[in-house]
Structure formats: structure tokens, C-alpha cells
């Protein structure tokens, strides 16, 4: 039996903000249970504020859970061992503007522990894979949004991770870029990588995901398999709207 | 106790321990802030420079001001010197004409005019910032004792500086020279100043005074040697020009290069 | 070992950022121009030209190093947090203490390079004016760098506590000036009530002892013994390490 790529058990996250002595608490997740199997493409849907990004950041150790447990490929989330197996693409990837994409990728490859002899080779390969090779000499400060997303994906892949966590990877991209990304995701999955992605684009999720979780108010509202939304009259969109509107 | 609080307490304790141990380390002896003889205008500047650890720089700035103050020509009564130009309007004052009396007394290489009432105050201020600034102490004492004829103030400056540099023998030489000068013994003054002339950081003014006293008692050859030293090594072009002039005058005197038996 | 490796990667990146940052270059150029201006002051000091050139130049190098370190440390982590470049770093197997240590080390390294360049230029200017830098020159520049290092560590800590670069810069300035006045603070505390005196003494111990590191004054004083390098380096190291350890502790609990 293979180890799940990601297991969230009873996950609770309450944000606490204090301002001038007053403490405000906001619930990000309120008891989320979710398992992502190795080798699948798993989608995460939900309205704004449903807890999608919160769940991803908790898996990466950027946030700390108030309660519950998270395991990444059987390892405790947030540890260096777990992080070395994960590639992360944030919603809006930011890079040091004075670096070229090659310099950026080499920097992140070093941080991820890629052996010294392989760094240049990997960086060049990722630039080629994401279509950034023609822009290798430009500074990232001059990149467009689409180019930054491509570079974001390249840095997520440079250390050959087993699990990819992608936060709205196609948001704001032109149709050609969306097509390129979709093909790349499928290729990566065929190569054995697990993808855990969130999106507002239901049509995109439908095209590539094996399963989808719909979050609502920090909880798992529905877990939908590919067969289910393919057989539903309105497809995944109808299931989504019905789920989020339910009281 | 929560971990965070414990961590802060421990860190504060470590800093305090390091701070306590560091304070045991010996420090150079400088006047405390309340002993700085600031003037009304200089208080803020002194505090600012001291708070940034620029004690020596503060003394340097005030030394430059002292030089500029002393370079301004004054009348014997203490007023600012004025020179009328050909058109009757006030002309630009060139201190060299009056400091060295070039225009009126070619043989006068020794300025005896002016009051410079703030000279001691300025000197004490800069020495309280850096009491190890021996050049400034000697310069100010020399000007006070032999130029503006206020030996008591000169002694105050020298005794203050001596507290911090008791081994500085030039202070003792100058104190002795002032004593001999008051006693009307220029030969002894010349002897004492002569020793100070040979040290590398001796002010040109002190050398000039030594040369003057040697000339006064008829030791023209020695005076010539000292002027030559000023001419060759001093960076102050006023003293250099004066030295050149004096050398020319002394060359013309028959006994300057007479062979002594 | 791995922490040290990661810290060195971050440090080299921080050094590169310093070099490509226009401000850093401006500091070096500006300092070069002002060093030249020191020549004018030196001329005004006539026979004390060497002393004035030396003091002014060394003071300027210290200020430039301090500005470089304090500004770098105030913005180093906060900028990464605000621009979210930190996501791509901390989502990797990067220990948070290695990140803090690396940023700090890179900034100090950059300052050391800048100060070395300015010192070389200063020595050239001195030689141009027929003066020698004198005994203790390298020690004085090194002690200025240590002062900047201590101020920088404090700045990193305050920047993480307050999450404001302006607060960090202000606190650095306050502690820098108070650190030069510790003798006077002790004088004041001797005039206070016992409870207040104890509190002020604790404060004096916590304030960085810049007087200990101010070798410019120490070399000039006739009464001074040879610098106690063990104490100077040890104190700087302890103070900086404590600040960085606290900063790492705070940073380890930050969420992004």
C-alpha cells in the first residue's frame, strides 16, 4: 500500500490578530479531513476564504495548525525532510528582481539540496520545459505575469519533487499558457508526480483532475470523483454551485 | 513560564552578563561629558559628535576653527582689522600683512598685535574633547604666551593638557620657557625652546618663536637653521614665506655664518 | 553542517543583493566623494592635515559601514516578507535560523567589502598627501566593522519584533548613540534612587558597549593599554549572537 501524498486529519487553523489590545479570531479551517493519494491529480475548489490557500500553506509549514495533523508523504509537514519532497507554486510567485531566471533557479536548486554538479543542468532543463529558455538572460524584474508563473513552476520542479502543491497555477494566464501548463501537468503526472492544486477555473480542474474536494467555510463540503462529475448533467460546475449554496 | 518569556529573560541575562563583563575592561582616560567645556554654540555639535563616537573629529573641527579664528587679523585693541583701499572703500583684509607686519615693519616676523579674547576658551574646549591633542595644546599655549602676551592663560592650557599626558616633555619645556620669559631671560627661553624644535610634531609657530628668541640674543646662525627647517618642512605657507624672508635677511648679516672659535 | 551550508547560500545571495542594490553602490561612491572633501578639511588644518584626514576618513568609513549594515538588516527580512519572496525560500528545506544567519552574514560581508574599498581609497589619499595611515589603522577599521555588526544584529531583532523597518532604524540609532554614552549613563544612575539605579544599571548592561569597540579613541589616548582583542571580539560575538538567536526564535514562530 503506497503512502498517501498528503493526509490532513482534523485540521483546524484559527488566525489570531491583535490590534491595540483587541484580539480578533478568524477561522481558516475548522476540522478538515482530506487524503491525497500518491500519483493522482487532486483539485481543491472553494469560494474566496474557504481555506484552500490555508490548507496548502499548512502542508508547507508556512502556517502552523491550531489543531490536527498533516503528513506529507508520510512525514510530518513542515519538517525539512518533508519540504525536500515538495515543490510549491504560490498564487503570485515573487522573485528577486535583479536576478535572471537562470540565477533564480540555481539559487533555489541550491537551497533544495540539488547536488552541485547537477544545478546548472537542472536549471537549463526547467527553463526549457517551461518555455523560458529565450528569456534566460533577462532579469525577472522585467518579466510579465505569464513569464513569472512559468518561472514559478520551474522553481517548483527544479529539485524533482514527488509532490507538487500549486495554488491557482493558471490564474491570469492567456489561453496558450493555460494549454501549455495543462499539458505539462499531465506529463508530470504520467512521470509519477502527485499534483495538489487549487483553482477558480472549474473547467480546467475538470480537464485534468482525478478527484476534487470542495471546501466551504473551512470544512470539506464534498469530495467528487471524475466519474461523478462526468455523469452529472451540469458537470463539476453544477456540483460545485449546489455544494456551496447548501446550508 | 512560557517558552517565549523564558527565552527573552535568558537572552536579557546573557546580554547583561556580557555588558557587565565588558564594563570591567579598562577604558582610555577621557573627560566625561559633563567636563566638556562646551560653549553655548558648540553644545549641540559636541553632543552629536560624541554620541556617534567622533571625539577626535570633534576636536579636529574645533582646532580648524581655532586656526581660522587666530588667522583673523585683529587690532591691538582687539577690534577687527580694517584696511582701506585706494577708492576709500574697505578692502579685503589680508592677514599676512598684519600678522607678520610685512607692510609696515619688514623685520617684524612676530605678531604682537590683537587680543583674541576667545583663544584660551577655544583651546580649553577642544582639549576637553581630546586632551591628547598635544599639538593643539602647544599651539594655543605658544600663541597665548608669546604672541598675545597672556602667559597665565598659556599655563592653564598646558597644565590641563599635562594631566592627561604627564610624560609629554614639550609641555614641561614650554612651562619653563614661559617662566624664563616672565623673568626676562631670553637666552634661557631660546635654550629651552631649542630642544622642542627638534621633535617631529613641533608646531611651526613654536619653531618660529624659538628662531625669534635665538635671533633676539644674537644667535643668528641657529635662528637661520630653524627658519630653514620651517621653510623645508612646514605646510603652513605663512610660516614658510616668513621663514624665507627671514633667511634672506639673516643671510645679509655678516655674523650669521661666521665661524665660531 | 547543513544549516551552515544553507546559511552560506543565503549569505552569498544577500551579498549579491547588496552589490546589485543601487543604494550600496551609492554609499561607496558618496563616501569616495566625501573622502575627497576631507582633503579640503585637511588643507584647512595645515600642519595637522594628516590627523584630520585620518579622523575624517575613518569616521566616514565607519558611518558608511554602519549605514550599509543597518539599512540592509532593517529591510533584509521584512522586504522578503512583504514581497513574498520568502514563500519560495521557506517552502524549501531551509531552517529558519539559517535564513536569518545567512541574511545577516551576507550583509556584513557586503559591508566588509565596502569598508575595505573605502579604506584602500583612504590610504591612497593619505599617501597622496605624503602621510602614512599609522599604527592601528586596520584595527580601527575592523573595530568599526564590529560596531556595525553589533548594531546590525540589534536591527534584525527589532525589525522582527516591530515588523517595521523605520522602528528598527530608529532603535539602531538610539542604541548606537546610547552605547557611546555608557559612562555618562552610569554617572546619571549614581544620582538616582536605589531601585531606579538598579534598573538603569541593567539597561546600561544591555545597551551595546560601543565605547569598548571605539578603538579610534583608544589608540589616541596616552593612558590606553593595548586593545583587549579577546574582550572586543568576544563581546561583539556574544552580543550579536544573542540578538540573532532571539531574532531566530521570533522568526521561527512567524507565519506567512
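Side notes on the structure shown:
Here the chain labels run A, B and C in written order, and each chain numbers its own residues starting at 1.
We adopt the following convention: a residue touches a chain if its C-beta (ideal position, glycine included) is under 8 Å from a C-beta of that chain, and two chains touch if they have at least 3 such contacts.
Remember, it's a predicted structure, so these values are computed and weren't measured experimentally.
Each step here moves to a touching chain, and the least such steps from chain A to chain B number 2. Using CA-based centroids throughout, the chain positioned farthest away from chain A is B.
Looking at B-C and A-C, the interface holding more C-beta pairs in contact is that of B-C. Distance from per-chain Cα centroids to the pooled protein Cα centroid is smallest for C. In this assembly, the C-alpha centroid of chain A lies 75 Å from the C-alpha centroid of chain B. Centroids built from CA atoms put chain C at 35 Å from chain B. Once the centre of each chain is set as its mean CA position, chain A and chain C turn out to be 41 Å apart.
Within chain C, residues 253 each touch two or more of the remaining chains.
Multi-chain contact residues of chain B, defined as those touching 2 or more other chains: none present. Put simply, chain C touches chain B in their complex at residues 41, 44-49, 51-52, 55-56, 59, 62-63, 147, 176-177, 180-184, 187, 202, 204-207, 209-212, 214, 216-218, 220-225, 228, 231, 235, 238-239, 242, 245-246, 249, 253.
Chain contact summary for the complex, chain C toward chain A: residues 6, 9-10, 13, 16-17, 20-21, 83-85, 87-95, 253, 255-256. Interface residues of chain B facing chain C in the complex, by the touch rule stated above, are 4, 7-8, 11-12, 14-23, 25-30, 32-34, 50-57, 60, 63-64, 67-68, 130, 132, 135-136, 164-165, 167-168, 203-204, 234-236.
Residue ranges on chain A touching chain C, taken from their complex, read 57, 60-64, 80-81, 83-84, 86, 88, 90, 92-96, 98-99, 107-108, 110-113, 152, 155, 159.
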